[in-house]
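Take a look at the structures listed below.
There are two complexes below, and they share subunit A, which is joined by subunit B in the first and by subunit C in the second.
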Partner chain A sequence: MPPWIQVFALELAVTATALVVLVCDALRPCRARTLAWFSVAALATALCTSFVVEPAGTAPHGVYAAGPWSLFFERLFLAAGILGVLGSLDWLESRVARRPAEYLFLMLMSLVGAMLLAGARDWVLLVVAFELMGIPLYVLAAYAKLDGPPGEPQLAAEAALKLYVTGAASTALTLFGLALVIGAGGSSSLAGLASPDVAPLASAGMLLVLAGFGFKLGAVPFHMWVPDTYQGAPTPFVAFLSVAPKAGGLVALVVVLLHGWPRHHELWAPALGVIAAASMVVGNLFALPQRDARRLLGYSGVAQMGYVLVAVCARSESGVAMALFFLVSYVFTNFGVFLVLHAAAENSGGHALDQITGLSRRSPWLGAALLLFVLSLAGIPFAVGFWAKLFVLLAAFEAGLVGLVVTGVVLSVVALFYYLSVARSTFMADGRSAEPVRAGLALRAAISLCLAAVLGLGLWPGPLLAQARLAAAAFGGGP
Partner chain B sequence: MTLENCILLATLLFAIGVYGLLTRRQAVAMLLCVELMLNASNLVFVAFARHAGGPGQILAMFALAITVAEVAVGLAIVLLLYRRHGHTAVDAASEARE
Partner chain C sequence: MTHLLSIVVAAPVVAAAILLCLPGSARVAVRVVSLLGATLSLAASVAVAWAYDRAAGGLQLVEDYALVPPLGIHLRLAVDGWGVPLLLLTGIIVVTGVLASWSVAKRDKDFFVLLLVLVAGVFGVFVSQDLFVFFLFYEIAVLPMYLLIGIWGASHEVPAAGPFRFAWRRFAVGGKEYAAMKLTLMLLVGSAAILVAMFLLWNEAGARTFDLAVLEGTRFSLTTQHVAFPLLWLGFGSLAGVFPFHTWSPDGHASAPTAVSMLHAGVLMKLGAFGVMRVGMVLLPDAAVVWAPAVGAVAVINILYGALCAAGQTDLKYIVAYSSVSHMGVVMLGAATMTANGWNGAVFQMFAHGIMTGLFFALVGIVYERAHTRTIARMGGFAHPLPAVAAFFTLACLSSLGLPGTAGFVAEFLVFVGAGQGAHAWWVVPGVLGAFVTAVYVLRACKTIFWGPPPTGEFAELADVRGTEWGAPLVLGASLVVFGVWPRFLLDYIDVASVAFLSRFPALP
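Right after this comes the complex of A and B.
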């Protein structure tokens, strides 16, 4: 084997896990539980190994650069994968017990695609990795087919179609834009557009690529699929969908804009600023009237992406570091919210806000966890979300983006209303049932991990901040 | 055919695809429009490779592979929609609350 293969060590490990899961189940049908715990063990081993032996170096022709920057994201995605598999385990066993292997295979392959994005330095690798991340998600969204939660309309096909049509259209936008950009630059390297002044055709291409990535992020005006897909797809998958591909889309955007086109910021920075502001406004305002918790969280996710884009707009090394911190906070918090919601909905038969009323009485532990996650999303001090929002806005302020900072601060007050309405219905007394919520071991483990991360990082944000700064310094930041 | 004409043709194809995607309400027709958009980008890749050199032809091959994977999944989803609703009209399949 060539020596440079070690830069892909973690991706290869996850690919091997996925193949083992698929082949084992094909040879002799296995229980969902066995396959899922095997995947979790493999991902956890990979995650722990990454702290002992750090892959570094570059692949031939400079198509991939491994280092602290790519490692940061590989670890984040491995953690998201562990949570995703743990969270889906009980659902897999009870609802789709006959075909668990494909679900895990697709989720792990999507993870491989996401892990490759941060280190990609060539358009071919970036686009293929992006699609490797995206295409399995379409299948996973439709995975429940006709077996959704009892008592709710079966929306899986509609959810998958909406995700698919917007996803495929965004791929087409990206590829068309890319064709124009690469045609002008004459090289498939990300940094191929060397001269700061480019032909109008290439500038149009750059904006098309930006729009294509905007879809995956769920940023306004490309957010229409978010609430519908969140509502219709299986909830444990939505937990994964709401964090991993969004983090993937963001890292791809950062790599393209700040590594590929830092000298063309006059072209894309205003567009990105408008997208960030519009995401914060639309996400927060549309979340207010929602009665379905998943739709509410969908719009809240749109708003959260607006905040992280503000940090990218700062175009500075500290801005990138704060975006990384924000992403880690968002991954653990949002995963936690969706998993608690999943546990509650499996028992009470729906995701409407009034169906989680009295959760804190039925299961004090789950109620407290939900409260903490929601407060973290809202940005209340001493949950990790507070530091994330503060750091992002500070980085933007340092870069002189006062307008965006003011928009962000004002709207985070608006956000309090709907986040606290979730918290209020959790603690309201007149719940429909008094039975305690039953959650399996894996689901409880996943929620505990999220809880530990949100509390731990909220009280000691220092170590993660240092890691984020290290990664951003290795990336090189802005121009 | 000059480079300008090729790009003009590709842009036209892309625009037809976008228009169709926004106006058509049949899932299969929407799939065809996405295909049109994706192939417009292939045309640009190949046109630049023919007239100005560069890696366009290889990129077009990769783009083709991506397109095929994407459309295979898309057709499966449309089939699922048909089994669920008995037709593939997107508006009538919309049950999510606004």
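Right after this comes the complex of A and C.
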């Protein structure tokens, strides 16, 4: 075994877990419960180990660099994987009992792709990792083809098709753009485009690559698939879809722009600024009239991506650190909100806002959790989302992006309207039914983890911020 | 290092945490724990007033804990001369507010939890010496209001009329959910403005700290001051009910349950005025002097417009709510005078109005609970079945119109003296005119509701004040009189801070 293999230790561990799950089930069909708890245990072990033995070093030809930067994301994705598996368990058992292994395998492989992104320093590895993350998602979106909640239209096929078509189109755009960029630079290294003056063709290529990433992020104007897919795909999977690939898309974007093309910022920075502002505006305004909680959260996710792009626009080390903080906050908060929604919808027969009314009466604990998550998304103090939004805007302010800051601040007030309308249907209205909401152990565990993270980091953001700064410093000083 | 201020802020939070662990069916325990938490805060506030050395002035009882070290955010608690009376005010209103909510029937545990969280935020604002933490507490004080009004409030249908009829119908104007959303959104637009101004100051000070003492030591450039001051004025001002950003106040206060109206009108609006003075004027003296005519002119509009609106209302709670808009104008007018008397009057008016409006809302709550109506035209002769309510209501009315011997008089007198000494002596005229209009509407309301022949029919058998309901009228009524005849006690605290802050100002024209 070559010595550099240890830089991929965590990815290899997850891959091995995925293969074990698949092969075991193929040899002797296992219960979803067994496979899922095994995966969770494996991911948790990997996560804990990463705090003891920190992989560091580079792979041959400099295609991959492990260090605090990549480690930060690997940990984040491992945590997202744990939440994703835990959150899906009950649903897997009750709805798709026949084929749990494939579901877990696909989710874990998507995770491996996401984990590879942060350290990638070569276009080939980056694109392969990006597709490894993306392709399983198309399958997963269609997983519950006819198993959606009773009483709602079965939209999984439509959701998956939309995700697939836009995803494939974005890949095509990226690859076409890359052909131009690599052709101009003459190297497949990310930093291969050395000269600040690039041919017009290469600059067109860069914008095409940017557009390709924009699709994965769900940033305006590449956001059309987001609400439809969120509405149609199974909710526990949407919880995963709404965080992991978005975080993956963002880290890829950061690596490409700030590591690969820092000298070409005059070309991409204005475009990115427009995308960020448009995402905040469109996401927040389109969320206002939504009546389906999943569509509402879809548009809210578009807006959240706008905020994190603001931090990238700052093009500073502190901006990157704040973006990392924002991503962590977003992962836990959005996971939490979708999982609570899933629990509520399973018991009320739908995801419409007026179908989850009175949740706090039926289950005070879930109601309080949903309120906290929504307030965190809205950026209310003492939930982690507040610090996230604040840090991002602060970084942008330091970089002199006053226009973006004002846009962000004003729209966060607009956002409060629809976030509060979720709180209103949860808390104020008397529900249609008074039956207590039942949620399985795994789902409750996943929601509790999110709750602990949102509250804990909200009350004590210092340590995570320090970690994010460390990672950002390692990135800035990297190769 | 003492921990008095931590106790003041933490007591309601701890009480709220204990409530969360209690079963919702333990109704008495819920109330007792809430009352204990509130009382502990009040007791600690009194201890703070006791411990504060009036001769020395400045910041005292300092506590400092690092919160987010990379950004220089510290939980830095300390109290100055303005903080002491406002802490006392908050303590008094909270305790009486808990007593006044003894009869809340629906989801009472949740109600008290939110109320206590809100209260912790209010206490926090008055003792934070870190601008950022100040803002955090400010948000905490504003947000629970949404749920408190939305769940426990009372809807009041405003008939849809005028050119915006369709919009009124669409948003159910007057409904409690409308009021809750309007209040929250308007106040958060304000806090967005505050946040931007805060960033500006933080950036320009360059010391990577939000410590108010450091920011006070920085002389900000005139450009920054002129950008930041209006942001802070309108941002905090929206909570203080500054015209034209006062429109959330009548709807919100009228829809809110009794204790929430008491707290909101009694204390939260003061947070706004306190913010304008403590952050806006003290940190940005040059801009404050230039903007003072605008602040004063708008305050005059507040006084007169609020009073005239109050005179036109038919709903008892709306009358009291508009009177708050008018009285907060007096606070802002005092602030705009930039004189020691004016500022003393402004802070004293915060205290006096807080107590008075708390008393008003408590009494309105008692009346509403019995009569189930707030339309004053339907009432009459209530003094016969409700003699105690009538007596206290009259006392509040007298303080409201500024009768000597009540706290309201001291405050208005100081503000008008300050206005006379300041650069714009004509402000006295509309100020006094406002006091006159106030006399008209409060006395008319008092007459319509309480005097006249005994009521017949459904109102004949109303029961007078009883049990825990006595708490609010007794404590608040006594405070109005005590601090009306012995204002020195509070003014000694206030003056030492006003003089110190004024010394930062450039020579006035």
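Everything below uses one rule, namely that the second predicted complex is superposed on the first by the 475 of 479 C-alpha atoms of A that agree within 3 Å, B and C clash if a C-alpha of one lies under 4 Å from a C-alpha of the other, contacts with A are read in each partner's own complex, and residues count from 1 in each chain.
Criterion: a contact is a pair of C-beta atoms (placed from the backbone, for glycine too) under 8 Å apart; a residue touches a chain by one contact, two chains touch by 3 or more.
This is a predicted model, so every value here is computed, not measured.
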| item | value |
| --- | --- |
| Partner chain(s) touched by A:R424 [first = subunit B, second = subunit C, both, neither] | second |
| Between subunit B and subunit C, more extensive residue contact with subunit A | B |
| First, second, both or neither for A:F397, with subunit B first and subunit C second | second |
| First, second, both or neither for A:A474, with subunit B first and subunit C second | neither |
| Which superposed partner A:A168 touches (first subunit B, second subunit C, both, neither) | first |
| Interfacial residue positions of subunit A with respect to subunit C in the complex | 375, 380-382, 387, 390-391, 393-394, 397-398, 405-406, 409-410, 412-413, 416-417, 420, 423-424, 427-428, 461-462, 465-466, 469 |
| Contact footprint of subunit B on subunit A as seen in their complex | 123-124, 127-128, 131, 135, 138-139, 142, 145-146, 153-161, 164-165, 168-169, 171-173, 175-176, 178-180, 182-183, 186-188, 201, 227-228, 231-232, 291-292, 295 |
| Residues on subunit B engaged by subunit A in the complex (per definition of touch) | 7, 10, 14, 17-18, 21, 27, 30-31, 34, 37-38, 40-42, 44-45, 47-48, 52-56, 58-59, 62-63, 66, 69-70, 73-74, 76-78, 80-81, 84-85, 90, 93-97 |
| Subunit C residues touching subunit A - in the complex, by the definition given at the top | 66-71, 135-136, 139-140, 143, 146-147, 150-151, 177, 181, 184-185, 188-189, 192, 195-196, 199, 203 |
